[in-house]
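This report refers to the structure that appears directly beneath it.
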Amino acid sequence: MTLLDVQSIKADFPIFNKKMRNDARLVYLDSGATSHKPLQVLNAEREFYTLHNAAVHRGSHLLAEEASAAYEGAREKVAHFLGAAADDVVFTKSATESLNLLAYSFSNTNRGQFALAAGDEILVSEMEHHANLIPWQQLAKRTGAKLRWFGTTTEGRLDLSNIDELITERTKIVAITHQSNVLGTVNPVTDIARKAHACGAIVVLDACQSAPHFEIDVNSLGVDFLAFSGHKALAPTGVGVLWGRAELLAEMEPFLFGGSMIESVTMEAATWAPAPRKFEAGVPNMAQAVGLGAAVEYLTSIGMEKIHAHEKALTEHALQGLQNISGLTLIGPQSTIDRGGVLSFSLEEIHPHDVGQVLDQYGIAVRTGHHCAWPLMRKFGVSGTTRASFYIYNDLADVDALIDGIAATKKYFKVL
Amino acid sequence: MELDSLYQEVILDHYKRPHHKGLMADASKQVVQVHHVNPSCGDEVTLNLVVSDDRVEEISWDGVGCSISQASTSIMSDLVQGRTLTQAFEVLDSFSELMASKGTVVGDEGLLEDAVALAGVSKFPARVKCALLGWMAFKDAALQGKEGEKS
Amino acid sequence: MTLLDVQSIKADFPIFNKKMRNDARLVYLDSGATSHKPLQVLNAEREFYTLHNAAVHRGSHLLAEEASAAYEGAREKVAHFLGAAADDVVFTKSATESLNLLAYSFSNTNRGQFALAAGDEILVSEMEHHANLIPWQQLAKRTGAKLRWFGTTTEGRLDLSNIDELITERTKIVAITHQSNVLGTVNPVTDIARKAHACGAIVVLDACQSAPHFEIDVNSLGVDFLAFSGHKALAPTGVGVLWGRAELLAEMEPFLFGGSMIESVTMEAATWAPAPRKFEAGVPNMAQAVGLGAAVEYLTSIGMEKIHAHEKALTEHALQGLQNISGLTLIGPQSTIDRGGVLSFSLEEIHPHDVGQVLDQYGIAVRTGHHCAWPLMRKFGVSGTTRASFYIYNDLADVDALIDGIAATKKYFKVL
Amino acid sequence: MELDSLYQEVILDHYKRPHHKGLMADASKQVVQVHHVNPSCGDEVTLNLVVSDDRVEEISWDGVGCSISQASTSIMSDLVQGRTLTQAFEVLDSFSELMASKGTVVGDEGLLEDAVALAGVSKFPARVKCALLGWMAFKDAALQGKEGEKS
């Protein structure tokens, strides 16, 4: 097992000094919802505000110059993190906005490859987060296109058995998640993208649960668009990323309209700046972008491969522990093959909300409920699950705390 | 442990053996049915209410949810069954106040009976909406019933 | 003159310790673009990250509870700042997003009062910022409605002479700015709103340049929607506000789709949570909202009336100084009546960019260019202006520095 | 003062008395016209280009903008007038390099002539796009002209 030096990593994260209920230490197993932030990120934001704060791209004064350099520098760092060109990286407020940006932009045109109409199809999967499902439902509604989806196998894998029926010449967009935020399943994106491209479809990847956890290279992935949120990747809240292929970004209509995204404006009409500016209307989330730049640097300095190996080791240990608990049903892949460090389970008749509440007494933070993947819950016949998710500041002791906490929960509710 | 103020024995009892659970469907009566969900956790309750002469003649419900939401709905059903709507709303108001109290009041046991066991919930803001789910469904059904009468 | 104690205010803003070019002190006259942030705001954000960071509204663990309380507490503070109810305040990423939210939501329905069609009209003004112009151009384009606009008088006031022609039964939306970001003009919003309501139109107010500078009470204003950006009001970047009347928010369709804004979801369709949740898809900009809460508290603790009086005194002094400079043409109202602390001017044949560059050598930060109000520039026959804008950390010495800087600029370019 | 490295005398001269300014329109010649704007500050340039035998026969322009953009366009016009496109592009590449240098190079005076006076601009990132406006318009017009020839 190749674990990270968690003690020295934790020293960068002030929140671990906090005392939880009953003076317990914080066992944070909810990074799938949002991650904590290292001092390096908090300091980068503060430095922006206290030394360089100004509206970017709009002024000739020194602060405006420095702010622009900081903001564009962050774009370069994020681009580097993804193996992309800087101009193909758009800053949004979140992955949710990134995905909505696409769905709206596609319906802001009625010609070219982005235009959809009755007879066209949009393909998603049953394991999508609501953020990669509802925008496409709405795009289908606006355009008359039909929404279709991959099912899920009982092991929590994408059901690809009917892929030839699902991906056809009618398919215009394929939007899938890289890693399920409920099951931990990592999907065979490259294969699906190849098939989709052969049919002329555009491929959108929800990388919210992958980009923070393992190495991403947009070129080898073979997708056309990729979205993720900063706040799940050690960065501040309020910043997300949309990466897109240059030639597609160039052709697309804008989404938000306002300052800085224009080329020229009259009272009647306006024309647009080139990407990425075209998609960044208004004074942007500058400090948050700078924070995201610092976050991806921090991740890179640890090394994405090492992070992946670390989480794999934790997941291995957790799978063993959880599988030994009687009455516990793990939903999702039972091994670490093509799966990440997100573990969802049911515990006898104890409702997830109650499980979470007992764990909270021991300082253990897990997520409970439908995890914004309600259709997947229905598929597995549960109203919700308890979910533990790992990141760089977790260690084997955290996993053991979870296992012990579950035993205590059973005891508390007299389920033995 | 702080937890015991949340999960009192009487709550766990109601959770394990809920009252009025299982939907009645007597076609001869005018039933108002409502369905409420708690979108953040996925808890759901369906509630059937029969009111005659401004009095709760019959209440029944079904649903999925945590111990707090299930127990609270069970307790609420006991409390409103047979009461006039005016009385039932008085109980409801008192319970809503208790839930909003952040642990500062203990609740009127004469009025709230078993529901005072839920006082501890008010110290856990995230659980208040669990405790209120069934009550809000009842309120909705009762108001819909009144509307229906008028028109 | 009732000036604020600027020295003690400046002590809260670390950026004023920075040495500018040639070791000059910072004379920041660009708050119309973005304001600086006091330590109270920076610390509120940091406290959120280091003590309460978690995804709001989604968990039963302690951090999630505390994060939700902090986020909803910020909503209450902002609501109080506007004289509004908390549930009528929606957090967005910026005023630009707030205004686009409206324009998209209105075209996400084809029935009810928000639905527009050919024959309907949207009314804006010639002095709008692009953010309150292009979204409506696009809405008009999507729906077939017609965009019309108030003109501007040569003094830089809204030309209301043809108001009875412009506001008619065909008018469905009136979207205007409270204070022009170029001219400083404060518009007679309440009168216009009364007239618009008499014709059944919805009134949208761009309060970007007003909410940070004088007291706003949404009830007495009489408008239906109000938008402003946090970053111009001492708050972090990446957070904006949309306030709307409860009954309108309830009726409106959502804008961004994803987690947390739903009531229930299947693969085919979804239903929506009540406002404000319906408009806040995804993990929100929590730390920034908390920062905005601290910012409006800071403003309130100084007092919006005192801030207004302070800026008025600075503006009075600046108007006098600028009007005495030969070759300088002030664009906009020449007195402090119904105008705020934003001053735009042309200086002989010296291009604004060159003016800004010379001022920058003295540490004076002004904005130059079209200020995202290109149609207004055309109206005044200029390609851009130099703009100085004031806030609580400016004093009379800053105004004098500007006046001296302009004299130095003329000398540098040998225009005497 | 740092400023003097930006506003050299030769720049202010070109600004006050720009060369090739004022659009030629000789209907007998094949003129490529382009219009470029700098969206962040509103500067605009319209450029007319006549190329024959791969040589810039006539260049003229009009526009509004700051001293840097006006002077740079004026200097560029002098530099490309009469040159072959290959030579002109060589100058353009050298100038682009100078602008990207952040003040680290002085520029090849043999090739760039008056344009070396713009070296100081590269230390002011916000002004680089001013200096490049006219050059990019020329590049665009020249490429469009080539395209036109082919088809």
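For this structure, a couple of remarks:
Should a chain be cited, it is by its letter among A, B, C and D, assigned in written order, with residues numbered from 1 in that chain.
Definition applied: contacts are C-beta pairs under 8 Å (C-beta built on N, C-alpha and C of every residue); 3 or more make two chains touch, one makes a residue touch a chain.
Keep in mind the model is a prediction, meaning the values are calculated, not measured.
For the pair chain C and chain D, chains touching both partners: A.
Counting steps between touching chains, the shortest path from chain A to chain D takes 1.
In terms of the distance between Cα centroids, chain A is separated most widely from D. Highest C-beta contact pair count among chain pairs: A-C. Between chain B and chain C the centroid-to-centroid distance comes to 45 Å (mean Cα coordinates, whole Å). Taking the mean of the C-alpha atoms as each chain's centre, chain B and chain D sit 77 Å apart. Measuring from the averaged C-alpha position of chain A to that of chain B gives a distance of 38 Å.
Put simply, the C-alpha centre of chain A and that of chain C have 31 angstrom between them. Looking at chain B, residues 40, 124, 127 sit in touch with two or more other chains. Contacts with at least two other chains are made by residues 21, 58-60, 64, 260, 262, 264, 353, 357, 368-369, 374 of chain C.
Residues 21-22, 351-354, 357-358, 361, 368-370, 374, 377, 383-384, 412-413 of chain A are the ones touching chain B in the complex.
The part of chain D that touches chain C in the complex is made up of residues 1-3, 6-7, 12, 40-44, 64-68, 70, 124, 127, 130. Taken together, the chain C residues at the contact with chain B in this complex read 57-60, 64-65, 68-69, 260, 262-264, 273. Listing the residues of chain B that touch chain C in their complex gives 37, 39-40, 124-127.
Of all the residues in chain C, the ones that touch chain A in their complex are 14-15, 18, 20-21, 26, 28, 30, 33-34, 36-37, 42, 45-46, 49-51, 53-55, 58-64, 93-97, 99-100, 103-104, 108, 126, 129-131, 133-135, 137-138, 147, 149, 229, 231, 236-239, 255-260, 262, 264-270, 281-288, 353, 356-357, 359-360, 363-369, 372, 374-375, 378.
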